[in-house]
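In the two complexes below, chain A is the common chain; its partner is chain B in one and chain C in the other.
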Partner chain A sequence: MTGRLSQAAVTVILVAAAFGVVALIMGISGYSVTEVFSGSLQGAVTAKGAPSSTVRWAIPLFLIALGVTIGFRAGFFNIGGQGQFYVGACSALAVSLGWRTGPGVLVILLGTLAAMASGAVWSFIPGYLRVRFGTDEVLTTLMMSFIGMLVLQYLTAGPMRNPAGSGQTAASERIPDAYRITGSSGVSLTVLLIVGVTAALIWILLERTRFGLRVDLAGRNATMARWQGINVRRVGLASFVLAGALAGLAGAVELYGPAARLVTGFSPTVGFNAVVVALVGLLSVPGVAAAALFFGGLQSAVLFLPIVSDLPPSALVLLHGTVALLVTIRVRAKRRVAAA
Partner chain B sequence: MEQILATTLRSAAPLALVALAGVFAFRAGIFHLGLEGLMITGAFVSVAVGDATGSVAVAILAATAVCMALSVLFWLVIEPLRANVIIAGLGLTSIGLGGTAFALAAVYDTRGSIRTDIALPRPVRGVNEGFGVIFSELSLLVWITPLIVFLAWVTLRRSRFGLRLAAVGEYPFAARSVGINPSVMRLKALLIAGALCALGGAELSVGALSSFTENMTAGRGFIAFVAVIFGAWHPIGAALAGLFFGFAEAVGIQSQINISESVPREFVLMIPYVLTIFAVWLGGLRRRRSLEAEAGYAELREPD
Partner chain C sequence: MARWRCPSTRKSEPIDHSVPGERLDESASPREWAVRCEGVSVNFGAVRALHNVCLALEQGRIHALVGQNGAGKTTLARVLAGLQMPDIGEVHILGRPIQGGNVRAAQAAGLAMVHQHFSLPPSFSVAEALELTATKGGGAPIYRRRELERRWLAEVAGSCNVSSLSTRIRDLPVETRQSLEIVRALASDARVLLLDEPTALLTPSATDSLFDRLQILRDTGVTVLVVLHKLREVAAIAETVSVLRDGEMALGPVETATTPQGLISDAIIGEGHYESADVAGQAVATGVGRRTHLLMEEVSSKDSAFERGLKNVNLRIDGGETVGIAGVEGNGQRSLVSAVAGLTRIEGGSIRIGESEAAASSPARRRMLGLRLVPFDRNTEGVSRSASLWLNQSALRLIGRRQGDSPIISTRRYREHARKALERWKVRYESVTQPAGSLSGGNIQRLILSRELSDGTEVLVAAQPTRGLDFAATEFVRRSLGELRSAGAGILLVSSDLDELFELSDRLLVMLGGEVVARFVPPYDRRAVGDAMTGARR
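== the complex of A and B ==
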């Protein structure tokens, strides 16, 4: 327990250090750090609508990061969340555009299932190659991510393009309000319920079931796990499928929730940010939830900041990068190398 | 047809240069996912410094220096501080993309792009007839890229340094046992990689366009990384893979103009990624063996 606490302390210090570095850069560039800080606090917490905006941005981060967590705990570097998220959102859109007369609940249910299935497939391919042939999953999940981005680009610029839309960025048409689970705020009882139940299920799965124990054992020492009679391949593959399904779910929630339509290259860094969130959350479900809320708050703050200060949104990208650069300094994600 | 050839060469040169950077890192046992970030930094610094000083040589030197400094930072984090290479590399990429966009806003007060009058020399500029015309737009860096590829090949395959580097990447424990310090070798490899990324980025900004746009590398650093794998982490193989991806990019640009109805551009752009998955799959066993060597070394180093 104390090990866990000191690990958390180190992580907090490293994240604080990253903030310090970025604040220094902002100061040198002539921004008022106190102004940015108080503005961020307003944008994330105190301003009207800020808390719900924080939650809105935390949700996709949280869902994808849960998947990353399962993968890392099983010893796999599944960093393809971005692509899984995109194909999930595309599938959800395809269902709601394909069945325009369907009853709302059914369409949303079917679309969400389709999203989770397609995200799972996107993750299954690298997962299968990894456990069956030892193909490096860092590369394959990254490649699948790029392919997923191009799928989204193709669909929003081609078959699913809104014919009435003008503008330079390709976007699909909006889905009808009947097929949405939130307003544009992105927060509603339904969404909170979906996310809460998912989080509870994943927590139980990881902490209270045999499967969770097997995941941790396989991630810590695959050879030993195999000797103890654990089918490491099956556990590994399940971790990939679950991660993909969670990222796909995030895509469906994004579409049926705040987004309502898909735009080429939307949320372009959410997959990578989710990896950062998972690591900052020390690969535990409550930790990841806290980290997701924190980074969701930052996202909300950055969108709010132009009102009080002219800080460019790229400052957040810089911050995420700095956190990623530093966060694993001690907290090394387990990377299983002796293949399954 | 000639147009495709010229576009291919122009697209391929930065890819080949950054792919060489990836090869140096890969040889030292580093999966360098920060190439994209270094590349965009090189692109930005060369435009910014070139615009401020008016000298393209100073611009290239400054870009190289900044990218090498960032490489030292990367090395500090992954070697002495033992952070995870993949996460730190992706972090470096975000720092590059976010940092350049931030600097664009903070220094130039713009969110879009900056232009400069500075450009790399174009050796065949004067030629106005025959075959030479299509090459007149190519910058000096494109012309000397084959030379750089050759030098990289000599360094990696025919020099003492290169062979030591290979030893560090393939079996660090053995390297250490004959008195090579793997960590220092990795620093040297990363420094070379940083300089090559700076050149690749500079070609993109002051070579081809004389301007810098936010996010202008558009994933080329990752494509270059793919070229490393695709070219079996051999300098010439990676450069040829870069040439091939440059060709794919050129065809993609052409098909966008000409035959966009029959073949969607996105499908052309997917080809490198799909091919890479196949390449990694089929070449997977070799990679795994070297990773196991790495694991064995890691266990010797930290018996926890």
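== the complex of A and C ==
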């Protein structure tokens, strides 16, 4: 336990260091550091509607990061969350557009399942290539992400384009309110319930089932796991499928929740930010939840800052990148120590 | 009597050994000591690796340094080579002081070290590796491959068996790699050669030729200090022996020829040595009869990247029986173990574990049938070094489906179970949550045994179970295997240590080129077995 605590402490220090670096850069550039940070704090926490905005942005990050966590634990660098998220959202949209007369609960249920299944397929493909042929999953999941973006672009500009739209943006029509689980705020009891139950299930799966322990062993030392009779390929594939399903779920929640329609290139970095969230969260479910709230708060602040002042929101993107850099350095260092 | 006395150590038995010449005096010695250290202490945090070690070794002789795992042998070697800075104490190589853990100073003084884990870069050709790592420089900044190979050919010729200097290091057998390490070490005109456990990875015949080479070097005036594990090897090669125990000099240096082996092994182990886990008291496979526990018929498998596949191997192990597999490494032992474990698919034949045909079964299914494995490499195959002790200990509980299992487990119960098992096997640990990699080699092997010799062992495949372990740990493992056998399990023992095979095996099979070429029953004839291993007799 002390190990976990000290790791968490190091993470907090790293994040604080990132704040320091960003403050330094902004100070040098002539901005008022206190103003930026107080503005950020307002945007993330204290302003009216800020907490719910923070949660709204944390939800997709959290769901995708849970999948990334499973992948990391199993020893794979599945960074294809972005594409899995997109195809999930597209599938959910397809269900709600295809069954316009269906009862709300059924359509949402079916759409969510379709989203999870399609996300899983999107992740299964690189997963299969990895365990069967040893193809580097970093490349394949990234490439699948690009394909997912193009699928979204094609669908929103083609078959699913809103015929009544302005033509300025490639976007689908809005789904009826009956098929939505939140208002535009993105937060409702239903959504919180969905996310909470999912998190609890994933925590139990990872920490309190033999499958979770197999994932842990296989991820740490696949050779040893094979000698112990663990089917490392199956465990690996399962991790890819689960990660895809979670990202797909995030897509469905986004569509049936705050988004209500798909716009090409929406939330363009959520899948990649989720990788950072998983790392900052130290690959534990509660840790990932905390990290997702933190980055959700940042996202919320990014949107809020221009309202209060002429401060550049990119300052916070910079913060985001610095945190990612510091955390990644530590992951690498740890891996090398473990290998030695 | 020429005996250099460390001013600060309590004296152990002074054992007389005569050296030509008069009493050697520090200030006016007729010739310098090859290696001399005084009051060397090294601490790693709270761990005391070396404490007040004094050692003086004469020139032109072969000296052995022995001790258990963790006694400080490697640390002392690293101090001598300037790789480790002592907390206090002085080191002199051929009379020159080596200050502050300075590798270059040690090299300049004439010392070269051959490490336990080979350090030549695997992807380099022989000539490139030697050029890169040798301290004797002088080449142009831009080299031509041919010229490089020509230059190094003279050094390599005669001392090791390399057909071409453009061969990649990784393609060479382990004994050739070691010879190259020695060539590299001596290329800098070293006068003191330090070898850290050079025999750990060598076959008996390769060990013999290594020893021959060391003797030739000694005859040319090189001083050799070799860290060894086996007393038989000490007797075979070393003129003097020094013993480290718990970081202190427990004995020596004393003359090997005039010192009884018992005295040396007592010094190594100290008092109150052997302990044993009560394996016989545990539930082992039911039905302790003369029943066949493992049966392999006409098993064949493909060649792997590392060694030959199996060719029509027949093997039967009954309950209460240990069958030994002897053979020069790389002659199919790994293929055999992989085939039994289900890690590689076999091409033909049948494998029965207990009553069940298992040739098509998954590794997990075989484990459920009672197959237990002590893998070749305990650090990569036996444990996950970064995973916790309890997870490593519980690995076998993670596979297969048992009736009545709840899908949700209690990790607290897993930890409790692991704690009990580790205590029964006398693993030294602090917490079950510490990573397995923090244990010493002997304790890791105990952890593996605590997992594999759990209930329901039908057949245990033990691959090199004592390799690299110290005397006490080796003894512990062998005794555990003996108790498992008495309890009625079948044991397949793969080892490159003939003494171990002779001691433990009820029958002995020799593998050569993926085939079983000879079968022996006790009393074993070392010569005949050796001939079968090398193919001298078929």
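Note that in this section the second predicted complex is superposed on the first by the 329 of 340 C-alpha atoms of A that agree within 3 Å, B and C clash if a C-alpha of one lies under 4 Å from a C-alpha of the other, contacts with A are read in each partner's own complex, and residues count from 1 in each chain.
To be clear about the criterion, a residue touches a chain if its C-beta (ideal position, glycine included) is under 8 Å from a C-beta of that chain, and two chains touch if they have at least 3 such contacts.
Only a predicted model underlies this, so the values are computations on that prediction, with no experimental measurement involved.
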item: Which superposed partner A:Phe146 touches (first chain B, second chain C, both, neither); value: first
item: First, second, both or neither for A:Ile79, with chain B first and chain C second; value: first
item: Touched partner set for A:Ile230, first chain B, second chain C, both or neither; value: second
item: Partner chain(s) touched by A:Glu207 [first = chain B, second = chain C, both, neither]; value: second
item: Residue contacts with chain A in the superposition, chain B compared against chain C; value: B
item: First, second, both or neither for A:Thr322, with chain B first and chain C second; value: first
item: First, second, both or neither for A:Phe133, with chain B first and chain C second; value: first
item: Footprint overlap on chain A, where chain B in one structure and chain C in the other make contact; value: 338
item: Chain A partner contacts - residues on chain C that touch it in the complex; value: 341, 343, 362-368, 373, 375, 380-387, 391, 394-400, 407-411, 433, 437
item: Residues of chain A touching chain B in the complex; value: 25, 29-31, 77, 79, 125-126, 129, 133-136, 138-140, 142-144, 146-147, 150-151, 153-154, 157-158, 269, 272, 275-276, 279, 312, 314-329, 332-333, 335, 337-339
item: Complex interface listing, chain A residues touching chain C; value: 1, 3, 204, 207-210, 213-214, 216-217, 220-221, 223-231, 338
item: Contact set on chain B toward chain A in their complex; value: 31, 33, 37, 73-74, 77, 81-84, 86-88, 90-99, 101-107, 111, 214, 219, 222, 226, 229, 264, 266-267, 269-270, 273-274, 276-277, 280-281, 284-285, 287-288, 291-292, 294-295, 298
